[in-house]
């Protein structure tokens, strides 16, 4: 059985709810939970923490049923976006608070606090009150307070969203180091894809209180299980009909355009396919390659977005979004209405139904 | 003289302040104002709107001094992040509110409201109260209310930051269309780079109440005027010393590595340079090209970030960040400690002092 | 829980007020001319006072919530005073002000008598209820984000038009609440009215005064009846609210 | 502005209270044995009442702000009542409760007399001040984000330990404010004390009663002096707060 197991969890708080949530997390996993506002991400954490009582369903931690245990018996720490540092205690007292419940030896406590605060770079702030700190410093203090008691699981509820971009990046690195060192299992609610790329082993996609997909970031982003997930992670989604199966390849008809996919489906079935924009190659002229799908496309739109360029290409009536670098844009002298060769591998075409 | 001109604006509200802000905006410009929290972005708008009285400085609109004019005489609309729709009025009454002050003819008012709400896709919601709408619908209603009076300038204070990613994209397109149609001049405060790429003609970078740079997005991102700006927009910043000037090229010494820049500085001067990560090309072997700067580099770090990959390359002791696509990563079989050829043009090396 | 005990006792005491006396007794007391007279005095004076209190508290609350002006903190402190301030002392102070200083003399010169008159009731009620009303109205206005007003002004409306079209409608429920509270305060005020207007039988007699006067004559039936009438009016006010 | 007029009048009336009487008169009145007795009664009873009120209001406020329990809305409504509820009616209701029902009989059987005794003063003061205190304490607790408590519990502390270590220290200023308000209320309450404890000379005589008794004897000097003493105590309480 898994380290954490959530079974058929249901709860309805009016605005937010959970519907039949099932989840299992292995020891040491770093799980990010992502989804639009109102998807029930935070409720899931607070229910697992014991703040809400689920209507039905069970929560297991190390094979023990903790569904009705008091929060203080669960051995789970939580870190909030607004830090929730106790304003009447210094940083030291805040971090010490959970630890002194477990340890009696003042010296050991002090050593451990100094160790973790050094690691997080806040050891010079121990005697300050939280209100005198910057956002990033407060967040590091709250992480130290949560981690130092070596909880079985650490929950983080959008921990970085109140911080600016620079601070965010710094703290992500610090958190990664600290969590690796403590070997903590983490459930991290976020709405920032960056958190997934830099921290997550697993991603859980939620919407409207339901779990839509759970897997490694690569799995979820390259192979979304449903339209909702694909839509959320931002790939090309095309409606198609399976025309025939030849060998290991499905031939799909997308409004008259034939696309090859290495995913197998039943002939005659209507399926949706996902093609990631960064897996599509454009070139001035088509050449022999391992790519099964080769088309002539016309550039209909060019959008510059910071470090990259989104092209929209029309291949025989089907619009495809393609992602390239500004360098390629210049090198290929791409402009609107220019004809290009569009290539992508059959393995890049995922059937998502 | 410019359409809008702000001269030496100073105001101090304790937490937020403006220091010697100067700005001129041409008619029809779409200006985004970006900066970290507390940079005084919103204060700038609310001072220009007449909510705060500046301590010193003047604000001109069409060559008229409006510094001490009442807000209702300035002909500026504002759109807030929290929509600020009047809760006791229907959507129709909200949009009508500003218009009926200007027009007496009920029929014309109705026609104009129907026209703008159709354009924004909220014409079916006119009889609803704001509280019954979704965030995106409320924001569109508040945009309609602000635009319909054809203000000389439209202010937007983080208008999209309460919306989810999908809604944001939709509304950006709608706003772009509507603003083009009305030919409105816009000042738009944001913290989202996406707003700049999709909407802005000009970018204003602020920090701590000061203006750091003002120009087109391309100018600001490819040629940041100061370290603060460069740091904020995310490029490679290197400390260097000017060794010699040969022709139109400066030869810079960056901790022993020689870098060529097409920007000119004085010999012996210490300068900082900015190199944008997407302007650096990596290849398996070096070849002849128009790039002046060619180095052998070792990959020290690979970070996958959604649609792209950040590499850190060590060229003779200097770390460079490089941005490539996942396709290139695979094609070049890049992995840590691999040696690659690193190339960038002298025109890509900007001296920012 | 201990609280239940308190709530229970309070509840019991209110019901004992209603249940202890004989029904006939109460009924006859209610149609007693003294009771009808004092009910009329109470209602009229409270309605007038509530109107005046509202007229004062809306502009004052708006000014305090929106502007900073010299002496604002003093005004706020003085408005906070009566909350923790004995009614009786307020009544005595007003009595001295209108009875023994030049202000009283000036008013009397114009034929306006405040002390021991029905006008005194109104004045006493206004001074009792106004601070409460201003506090509620002020906090209502403070809860309205000034952005709404700024939006209205940017759409071309002057400050006064904005107040009328936006601020006032948005504050409606708070203003309504404050007028109910003010009315209930005016109805129930005893110490201040007793001091300033005196408790004259069939003249400056409000319901609390009736209760007190009859209590001191030992006429428990009348006292309880006026208590019940007061209680009913309070209940009705709170139910509306 | 109109408000200045009101503030000014209020200010004038308070100063007239201090300035009108002769200084000697006031001084001699203050050292009058009646005054000293009633000051003692007032201070002792108010301190005791405030203590009891705090003891009640902290757990009650916590329960109301954190839990939903059957009858919560009833408890809240009843606690809201006295704000718009005449003091005098409350006093009468308490008088009937303790004087004419089985509760009074039971208490008397154990030798506890509430009506027309000093115990009555304390009971009257508690019932007057408690609703205010609970409201303030409750809103203080409501302003504390339950996340702090959840964090404390997730760190291994039980609910009671969390309350002691986190909630109470964070609510300190609100609890302090509520005790000051409660004390000032207890000192100033008149109608309730008059009804339940009676205004017996040199026995159940608190400062407001002294003011009233002397006023009705026509002893204006003593009345004004007790008003000033009350005023001073209120001022000191508000200054601390």
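Think of it as A, B, C and D in the order they're written, each chain with its own count starting at 1.
Rule of thumb we're sticking to: a contact is a pair of C-beta atoms (placed from the backbone, for glycine too) under 8 Å apart; a residue touches a chain by one contact, two chains touch by 3 or more.
This structure is a prediction, so every number in the text was calculated from the model and none was measured.
Centre-to-centre separation between chain A and chain D, using Cα means, comes to 56 Å. A separation of 59 Å divides the Cα centre of chain A from that of chain C. Centroids of chain C and chain D (each the mean of its C-alpha atoms) stand 19 Å apart. Shared interface positions of chain A, defined as residues touching 2 or more other chains, are absent.
Not a single residue in chain C touches at least two other chains. If you sketch which chains touch which, the chains form one closed loop in which each chain touches exactly two neighbours.
Remark: the chains found to touch one another pair up as A-B, A-D, B-C, C-D. In the complex of the two chains, the chain B residues touching chain A come out as 36-37, 164-166, 193-194, 197-198, 221, 231, 234, 277-279, 281, 303-308, 323-327. Across the complex, chain D meets chain C through its residues 1-4, 6-7, 9-14, 16-17, 20, 56, 59-60, 63, 74-75, 77-90, 92-94, 96-97, 100-101, 103, 127, 130, 134, 180-181, 184-185, 187-191, 194-195, 207-208, 211-212, 215, 223-224, 227, 230-231, 234, 237-238. Every residue of chain D that touches chain A in the complex is listed here, in rising order: 145-148, 150-159, 165-166, 169-170, 172. Across the interface of their complex, chain C is touched by residues 46, 49-51, 70-72, 74, 76-78, 80, 82, 84, 86-88, 97-98, 101-102, 145, 149, 151 of chain B.
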